[in-house]
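Take a look at the structures listed below.
Look for chain A in each of the two complexes below; its partner is chain B in the first and chain C in the second.
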Partner chain A sequence: MNKILIIAQNTAQETAAYRLNFVLWRARSVIRYLLSYFLWTAILSGVAGAVGGYSRAQMLTYLTFGYIVMTFVLATRTQDLGGEINEGKLSNALLRPQSFFQYLIGREIGDKVVNLVFSVAEVGLLLFILHPPVLFQSNPEVLLLTLLAVIGSTIMYFLLSLLMSLIAFWTNDIWAVRFLFFMCLEFMSGSLIPIDLFPGIWRSIVLSTPFPYVMFFPAKIYLGGMSVSDLRQGFMVLSIWIIGLSLLAYVAWRRGLKSYGADGR
Partner chain B sequence: MKRYSKIWIMLSLISLQNSFAGRFGAIVFVIGKLIRFGMFFLLLAVLFNSTKALAGFTREQIFVVFLTYTLVDSISQLLFREVYRFRGRVVTGDFDLDLIKPLNSLFRPLLGGIDVLDAITLLPYLIVFVQITRGMQIQPLSVALFILLLLNALFISAGFHIIVLSLGVVTSEIDHAILIYRDIFQMGRFPTSIYTGLVRNVLTFVVPLTIMITVPAKVLFGLYSLQTLLAAFATSLIFLLVSLRLWQYALQKYTSASS
Partner chain C sequence: MSIISVKDLTKTFKVPQKQSGFGGALHSFFRREYNTVSAVDGVSFEIDKGELIGFIGPNGAGKTTTLKMLSGLLFPSSGKVDVLGFTPFDRKKEFLKQISLVMGQKNQLWWDLPAIDTFLLNKAIYEISDAQYKKTTTELIDLLDVSKQLETPVRKLSLGQRMKMELIAALLHQPKVLFLDEPTIGLDVVMQQNLRDFIKAYNQKEEATILLTSHYMGDVKQLCKRVILIDHGHIIFDGQLDTLIKKHTKTKHLTLTLESKVSDQTLSKYGKIIDNEFPKVTLSIPRSSTKHIAAQILEELPVEDIDIAESTIEEVIREVFSEKR
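Up next is the complex of A and B:
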């Protein structure tokens, strides 16, 4: 455990070494939040009452809380692994007297903590400047379910991102799949429009993919009022993805290591 | 001019070969771009289930704003793709090789060959654009002004890319500068009138998305004034002059550190 914490600390320090890059990365996230915020402010100002069951306060709470969740879930260092495999740098990590996954988890924790701290500070600043009518959830059951959904999403995204990097064992075109993934994530995570506003068939399709669990599902739970059957179905789909991706990642790692030639070393 | 055209075509052919060296990546890239384009239309359709107008724009008008954004964005990426690779050339010192050539120092970093993959996606965008605007009653003068304003937007975009290149020379640490520009630019997918306060001022005066996207689209609806048009052309001129000045300043600071 101590080793993981030291790795997490080193990762956080690494981020501090490239401060300007990190600040600009955070600025990019804020810009994306502002796009959704102003879009929905404009829509809701032209409509009397709620849109698709979302009042102004609920929608802005959904976007604001979703922003923090998405920042936390998407903060990962697993995307570096693809390049490390392609350049043969993975050998360094494999030679260390420590489990490779322990090393990966340490890096994840470091990266997530730094991003979480910054996103909370950014949201505080945005709330101060924009004064959106944000709702604070106080129901302990809802908060617990939200926490469970965030943990589930984090594990699922870690496995997904890991798998996208493990492709590097077989090809150099590692950016292509990740590019396609982020194209889909932009629209299917719910960061622009909550998924329950999608028409019936589209909603069902999107909810069976991993994308809405990165933001929509935890943010929707946080708002409260989600039916038991929707909650059960959401957690079930999330669990299936976690189990399926774990098996896939395990197989890909085992087979990948066998074909790894440390090219570039 | 003829010599530059010849070199530009040559660089574009090399870029074409590079793009298709990794065929899988190239295909996924094109598919990804088309998926994003299609999904955005789906999102707009979903949005307009909830509202009849957005900041005073009808559904068709919002489609035209989005398509104008897509055209400016795609053509900019198609022309200025080399900017994305420039930092590497500064860090490794390869930029020296551009400087010693009997060419304008900005030519290779800014226009070092078109991005063929963006050229491929441009065709479907144009087809959809023609299909959607066909149903609207647009005057020939509006079409001519729209094309002029589109060119004007590309000049502003060139100015931004030159500023990013200058930043790359002065502070080689900037990885995200071009991506920040692109993220801000994405705010132009909707009319800038949906934004308020500081953000609206930034989008009008700092990154003039209003002039680059909203004004050309409004021209197609017949909504324009002589003052707006003059302001649009003056802005692009100022942007280009300032960016060229910055480039000259950056070149003086270039130390050729890694070569």
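Up next is the complex of A and C:
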């Protein structure tokens, strides 16, 4: 356990070495949040009542809570791994008598803690300035389900991002896939428009991809009032993705190591 | 009993080929061609406990690839490797705890953090006791003279300082088998010497088995009794350094200090002229007739001083490699 903590601590300290980089990354998240915040404030100010079942308070709660969730889920160091494989830096980790998985977990914890602290502080500040009418969920069952969804989504995104980096064992072109992924994420995570506002068939398609689980699913649960069948279906899709991605990541790692060239060093 | 045993070890890489220019880039985009390159080709050797061996070869000979297979980083294409009774590629904890690979151009230190943070991490990962950690670090920090740089982020260190920190990080767990790839690269002459002394002492004190590659023949000459020469993935010599020198130095160097100028034509009667800058002349002469030729020169030429020396190890190695090609 001690080993994981030291790695987490070092990772957090590393972030401090690239302050500007980190601040800009945070700024990007804040801008994305403000964009959807003002968009929906404008849309909902013209109508009395709700749009697609979302009242003003509900929509702003959805966006605000979703913002924290997304920050936490998307904070990962696995995206550096692709470059490390290509440049042969992976060798360092491979030479240490420590499971590589343990090393990854340590780095994830370090990165997530730093990002979580900042996003909570940012939201606190934004709430103080903008005074949106956000709702606080107090139903313990709902909170538990929300927590489960966040944990599931964190594991799923970790695996997905890991896989996108393991591609580096076979090719140097590692960014193309990730760019495509982030493009899809912008629209299908629900950070701009909640997925249940999508028309019928599109909604079903998007809900079967991993994207909405990064934000929409946990944030929607938090709002409360989700039907049991929707919950069941959501958790099922999430579980299937986790199992499938775990198997894929395991196989890719095993086979990748055999073709690892430890180049450049 | 051998600590390292390698049999018919081979590693081939698929290397993508690209013709130069935009056309070439376009071509290889649609139709990528690969070349199969054997970096290591059927290599076999045995190393006993406590041996300090020099692994020598030109760039691209397969030295580093072999070290990477011995330390478990690369999966061999074929052949058998056994180090300390383990198959390196399995990367068992007990195996990794007993070895270390230091590469002159590699960084295991956390780039943006001070070196001490990496030391502490390694202490935890290698499960080193407090007492042992304290003893080893004090000794190494003192010896390598880096106490003032411990708190500086690694990226701010000079190449030499970084190399020293790398070495400390690699030796904290007191490995029984040490693979050193160009350990003295980037160090000044004083530090090179310090490091050599240190490697020798470490080898003797801990009875550690050390496999070393270096371009500096000084390293090899001072440290290694046995050398393995490798070229194009093949071993071309494996044995005592002395034997290699005796076997391959068919010539000696004769340096004369002349009182007056002698023509090249006259000089070349005695041997091959290597250097002629009045008053000093260096000739290469057959080893077997050294005495005879020296006597002849002393009698026939206006010589003020004469000096006979063995060929340098660099020359020997160069000769061996050019012969085999």
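Some notes on this structure:
Throughout what follows, the second predicted complex is superposed on the first by the 265 of 265 C-alpha atoms of A that agree within 3 Å, B and C clash if a C-alpha of one lies under 4 Å from a C-alpha of the other, contacts with A are read in each partner's own complex, and residues count from 1 in each chain.
In the analysis below, a contact is a pair of C-beta atoms (placed from the backbone, for glycine too) under 8 Å apart; a residue touches a chain by one contact, two chains touch by 3 or more.
No experiment lies behind these values; they were computed from the predicted model shown.
By the touch criterion defined above, A:Y18 reaches both chain B and chain C.
In the superposition on chain A, contact is made by A:L95 with chain C only, not with chain B.
Once chain A of one complex is fitted onto chain A of the other, the partner contacts of A:I7 are limited to chain C, with no touch recorded for chain B.
Looking at the shared chain after the overlay, A:G261 reaches chain C, while chain B stays out of its contact range.
With both structures placed on the common chain, the touch criterion links A:L147 to neither chain B nor chain C.
Contacts of A:V177 after superposition: chain B is touched, whereas chain C is not reached.
Look at A:L127: by the touch rule set out above, it reaches neither chain B nor chain C.
In the superposed pair of complexes, A:I240 makes contact with neither chain B nor chain C. Touch criterion met: A:W202 reaches chain B, while chain C stays clear of it. More residues of chain A lie in touch with B than with the remaining chain of the pair chain B and chain C. Contacts of chain A with chain B, set against its contacts with chain C after fitting on chain A, overlap at residues 18. Residues 22, 24-25, 28-29, 31-33, 35-36, 39-40, 42-43, 46-47, 49-55, 171, 173-177, 179-180, 183-184, 186-187, 189-190, 194-196, 198-199 of chain B are the ones that touch chain A when the two sit in their complex. Of all residues in chain C, only 13, 68, 71-75, 91, 93-97, 99-101, 103, 105-108, 110, 112-113, 117, 120-122, 124-126, 153 touch chain A in the complex they form. By the touch criterion stated above, chain A contacts chain C in their complex at residues 2-3, 6-7, 10, 13-14, 17-18, 88-89, 91-92, 94-98, 257-262, 265. On chain A, the positions that touch chain B within their shared complex are 18, 20-21, 24-25, 27-28, 31-32, 34-35, 38-39, 41-43, 46-47, 51-52, 129, 171-173, 175-177, 179-180, 183-184, 186-188, 192-193, 197-199, 202.
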